[in-house]
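The structures considered in this document are given below.
Two complexes are shown next, each including chain A; its partner changes from chain B in the first to chain C in the second.
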Partner chain A sequence: MDVILLQLLNGLDKGGAYALIALGLTLIFGTLGVVNFAHGALFMLGAFCAVSFNALLSLELVTIDPDKTTAWGTPLEIRTPYVEAYLGDFGAWLLNFSVPVSILLAIPVMLLVGFVMERGLIKHFYNRAHADQILVTFGLAIVLQEVVKSIFGANPIPQSAPETVRGAADIGAVLGFDPGVIVYPYWRMVYLGFAAVVIAAVFAFLQFTTFGMVVRAGMADRHTVGLLGINIERRFTIVFAIAAVVAGLAGVMYTPILPPDYHMGMDFLVLSFVVVVVGGMGSLPGAVAAGFLLGILQSFASMNEVKAILPGIDQIIIYLVAVVILLVRPRGLLGRRGVMES
Partner chain B sequence: MSLIRKPLNRRSILRAGAMGGAALATPTVFTSSAWSAPYLNEPKGGEVTFGFNVPQTGAYADEGADELRAYQLAVKHINGEGDGGMLNTFSSKALGGNGVNGKKVAYVTGDTQTKSDAARASAKRMIEKDGAIMITGGSSSGVAIAVQSLCQEAGVIFMAGLTHSNDTTGKDRRANGFRHFFNTEMTGAALAPVLKNAFGTDRKAYHLTADYTWGWSQEGSIKKYTEALGWNTVAAVRTPLGAGDFSQYLTPVLNSGADVLVLNHYGKDMVNSLTQAVQFGLREKQVNGKQFEIVVPLFSRLMAQGAGDAIKGIFGSTNWNWSLQDEGSQAFVKSFGQEYGFPPSQAAHTCYAQAILYADACQRAGTFEPCAVAAALEDYEFDGLGNGPTLYRGADHQCFKDVLVVKGKENPSSQFDLLEVVEITPRAQVEYAPDMEDVKGDLGTCNNGA
Partner chain C sequence: MATQTSPMRDYIFFAVFAVAVLTMPVWLEPIGAGYPDLLQKFAIFGLFATGFNLLFGLTGYLSFGHAAFLGVGSYTAVWTFKLLGMNPIPAAIMAVIASGLFALAIGYVSLRRSGIYFSILTLAFAQMSYNLAYSVLTPITNGETGLRVLQSDPRLFDGSTESDGPLLSNLFGIEMTGYAGFYFCAVVLLIGFFIAQRIFRSPFGIMLRAVKTNQNRMTYTGLNPRPYTLAAFVISGMYAGLAGALMCITDPLAGAERMQWTASGEIVLMTILGGAGTLLGPIFGAALIKYFENIFSAFNEQTLHEIFGFLPDWIEYPIVSVSSLFVGEGWHLTLGVLFMLIVIFLPGGLMEGIARIRKLFRRKPGKAEPSGAAAPAE
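Let's look at the complex of A and B:
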């Protein structure tokens, strides 16, 4: 029972990340009709917003110690972070909370990145074949990756969660199990809660605002909305930027779980596309449901008991489920008629 | 009966002389040392080209960049530029700082991308198009084994870079391939006694293993040596390479009854699995009345930087560390540090040593002919390259030297000062027979590509 509960938590947590990325992908596909292979790169850029913010806070005053030398004979440098030197306790607090605080930096940065990406490149490919869109966005993803690599290197850069949520919680003790049987890292629970809040906020925005209503109408029939005199293209640009922010925030909050490196977006991209296809192209609830479903299935497939019966199942489960679902429900779990169908 | 004698004249004497000279010279031509026979990419002009095949893109790009820095430094030193680095401390004095066999060393580079097919393609390009006489480098055992077999088929020497699987000089050993780096068998032999002293003999281990040649080799060696101590292996679970999130593999550890987690992961996998294991509270856990422990058998300082604080107090092994105080290591750290502004990694060290060892073997053999160079490397004893007295064993082309057991430093003095040397395990303790069950293989015959 404890093992199942733990794997369920793992699956929900993993599913949270898949759902956040897939949500943005579906938003872009549903509104602009673009298959955005650069979406994983947006997740990675978000993570590097957290890295940059932390690096900015960690900028150090370098002084030379004239009496000491390094092992290779150059003078020894003494480093003190500016932020601690000038802001005292608040500086130390900022450094400790650098990951959640960097959300404030990530939102405007990702909005801008999304805006520039859509206006500067992607809008020129609206009327091109999906293959062209895939090629150009994939190329863009590689360019963004290489830019990040040239600045930050290829090695993962560790980011710490705030000290108060750094350990693991003994959930088992709360649920009546023996102490220490079900422990789960605080930050992963924070991430799950954060994913739920972001998903709820996106749905609320689309469901309860006029802007959202127009976007939903545009997703259903952009020509009719255009005929009503609404500039749907401008709204779709904003939707693209919002999708970029959602992916970016998912990346920011994921950094304490997975030390970010330039390739982390690509690792998530393929899975997220499977999530979108399984959920149903263009279906937002489908993307979220499939994200959690595949996350949970992936976790259960990794259990030793399951692997003992079906060795290697953990590596193919997602694709196996995708094949089965597409055979049984060709439009995906919650896919609509007419999307990606001629 | 009459004897008809032809008169001797100047022409007949010259002809006889020429024929006699040719006859006398003939056996020399056919019986002189084999290396005067042609061989692949025999250098003709004043330069000889080395091929540096390192990961320049992909997850190991930083390690590859450090390997390339080391190679460039080695070329400088071989050609007589810079301070000479470890050439000053190397026991062989064959290289005189004027290139190799009177030829200046030039180099070409390839990108392995840490993918076997890409690494083979770049090695092939360097051999066929650039005329590389030797290929060296790499950061993965899968890649090393693939490139080594390509070099064997092509007929050039392969000086392996960072490759730790037993198979490189075990079942996949080749006559044209040589490895300076240590292997998982040596890691097991060196690490086990330290683990026994630190954690005792009554332990239950849970292995998470990267699912490829190096991971299997590492898991096998650690199991072999820890089980010999009395440890019990609870489970050994294979994880896909580049899994990213290891939570689904870590949670079963919590209630498995194990009190030691062995992470047979390297690079990004090691950074992620170790970071996440610490987040799951494994290091604070008490199991079977004992403190739960984590072991990372193969450490890399470059990778340790990625794991941050998670690495503190964790035991592992390494081929070399810049904090070593021997003359050779210090000369190398000084030379590398002055050139690039930071200390070299173990990958840089092994690559530098391999370039120097190859150049030295060519100089001692008096040729670049691969089989003569291989003969010069086989059973060669040397010192002064940072690992103490070392033997390049002829039977499997594996170097035997001291092995470092290290621990993540609790209070690092800088971003580079991450590992603390716990023990220098003497070479005798990590030596094994070349035909031992886990490592036996067939070298085959040397190929010079002619």
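Let's look at the complex of A and C:
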């Protein structure tokens, strides 16, 4: 029982990342009808927003203390980050909380990236074959990835969570199991909560605002909305930018869990596509549900007991599920009838 | 390749192509590509792209998992070496059979869907094979280290030969390295090209094109497209397996990274760059990418300074620092940019570009000529 609970929890945070990326992918596909292979790159860009924000804050002021010497006899250098030197305690706090605070940087950056991408490139691909869309966004993903690589290098850059949430909680002890069995890092809980908030925000935005209503109408029947005199393309551009922000934020918050490197986007992209397909092309709740579902399935498959019966299942479970779903129920778990069923 | 084709023209075309391929070491010398390792790659990836093109170019089904067949071909070839001996011919035959069977299984399932679903299904299968090759199948694939032929392997037919040197594939005593290896690959490429040409011209090829043009209409005519697409998928998987075998014949080592999905992306890129649906295009594309990969990744800042040395310093430095992003380690950036430019501006690839230029020149002299005469190249 406790093992199952542990795997459930482990699956949730990965599932949260899948769900966020898949949500953005589905938004783009549902509105613009574009298959965006560069979405993983947006996730990666978000993560590198956090990295650069942290690097910016960590610029150091070097002062020399004349009274003290190091063990080698040279004067002791004291390195203090500029923010700490000028802003005092607030600066130290800022540095400590650099990952969550970089959300503030990531939102405008990702909005801009999404906007430029849609207007500059995707716009011209509305009416071209899906194959062309896949190819051009695949090319864009390579470009973004290589640019990041040339700036930040090829090695993963670890980021640390704020100190207050750095440890792990012994959830098992709280729930009455043996202590030390179910240990779950605080930051993953934060990530889970964050994912839930972002998902709720996106749904609320689509469900309760006029803008969201127009977008939903556009997803259902784009042509008629256009005939009603609404400039649906402009709304869709904004939707694209929002999807980029969602992917970016997922990336920002994921940095303490997985040190970002330039190809993390590609790794997540393939899985997220599978998630979208399992959930149903164009179905937002489907994407979220499938994201969590596959995350949990993956973590169950990596249990030793399961691996003993079916060796290697943890490596292929997600793809296997996708294959079965596509063959048995092509429109996915929650897909609408008739949408991309062929 | 005008639309009016006759068997005669095809044979002449093939003969010219064959001569061009076989004399590559001579006429590629001046541009620095005249050495066997690179030429082998041209031939191998040319073959791979030709096979991919039979599926993507003719039927329009975009497979994102073709590298899996390459990997299966490679592993089979190395296993044949291990068990039967270092002769490349059984290795190639076994690789074609194994990858064909593998493609049959995957194609049978994947081809139930079309469009983006087909792409994702093939991608899923390829990722599964890749992950399995790295983990559970380690006894067969030797995981991360890669599969190699060892002195202690049985090698039924030539296991008795005593040699301490590195094991190389040899065709009745000719070692498959250097130019011998290239000529072996080139001959296989020519055979593959010839078969592809026959398929392009056959009723079967016309059926495949019908699948791409309008599958519904084809169904209404009373034809079931599935057997045709499945056959195309299997044939193209066999080409990929053969290419994988050739890789191992020239260098008997098989690793799982050959099956990664970026490798599948690369072959798509080669085909698109050259021109999907044309005979020569994919081979052009493959050679061009391998050539630039080789040239560009060898560049460094030093060579760039030499190239732009004639410019005044204040221009030279910015140019060098910008272009150094695109060479050496950053070669993939060039690849990505090139890829995007081709898809955006020239979806038909280089062959379309050539056709456009040719059209431009043809039309100029006499405008009275009816436009139908300037037949579009395939």
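Assume the second predicted complex is superposed on the first by the 321 of 342 C-alpha atoms of A that agree within 3 Å, B and C clash if a C-alpha of one lies under 4 Å from a C-alpha of the other, contacts with A are read in each partner's own complex, and residues count from 1 in each chain.
As a convention for this text, a contact is a pair of C-beta atoms (placed from the backbone, for glycine too) under 8 Å apart; a residue touches a chain by one contact, two chains touch by 3 or more.
Remember, predicted model here, so these are calculated numbers, not experimental data.
Judged by the touch definition given at the top, the superposed model places A:V183 against chain B, while chain C stays out of reach. In the superposition on chain A, A:Q315 makes contact with both chain B and chain C.
If you count the residues of chain A touched by chain B and by chain C, you find the higher number for B.
In the superposed pair of complexes, A:T164 makes contact with neither chain B nor chain C. In the superposition on chain A, A:D13 contacts chain B only, with no contact to chain C.
Once the two complexes are laid over each other on the shared chain, residue contacts for A:V147 go to chain C alone; chain B is not touched. Contact with neither chain B nor chain C is seen for A:T210 once the two complexes are overlaid on the shared chain.
Shared-chain residue A:D132: touches chain C; no touch with chain B.
Overlaid on A, the two complexes show chain B and chain C touching the same residues of chain A, namely 149, 315.
Listed in rising order, the residues of chain A touching chain B in the complex are 2-3, 6-7, 9-11, 13-14, 70-74, 149, 153-158, 160, 166-168, 180-185, 187-188, 256-259, 261, 263-264, 267-268, 298-299, 302-304, 307, 314-315.
Taken in their complex, chain C has these residues touching chain A: 60, 62, 64, 109, 112-117, 119-121, 123-125, 127-128, 131-132, 134-137, 261-262, 265, 268-269, 272, 325, 329-330, 332-333, 335-337, 339-340, 343-344, 347. Contacts from chain A toward chain C in the complex involve residues 35, 121, 124, 128, 130-132, 134-136, 138-143, 145-147, 149-150, 266, 270, 273-274, 277, 281, 311-312, 315-316, 319-320, 322-323, 326-327, 330, 340, 342.
Touching chain A in their complex are the following residues of chain B: 57-62, 235, 237, 240, 242, 244-245, 247-249, 251-252, 254-255, 268, 271-272, 275-276, 279-281, 284-286, 302-303, 305-310, 322-323, 330, 333-338, 341, 343.
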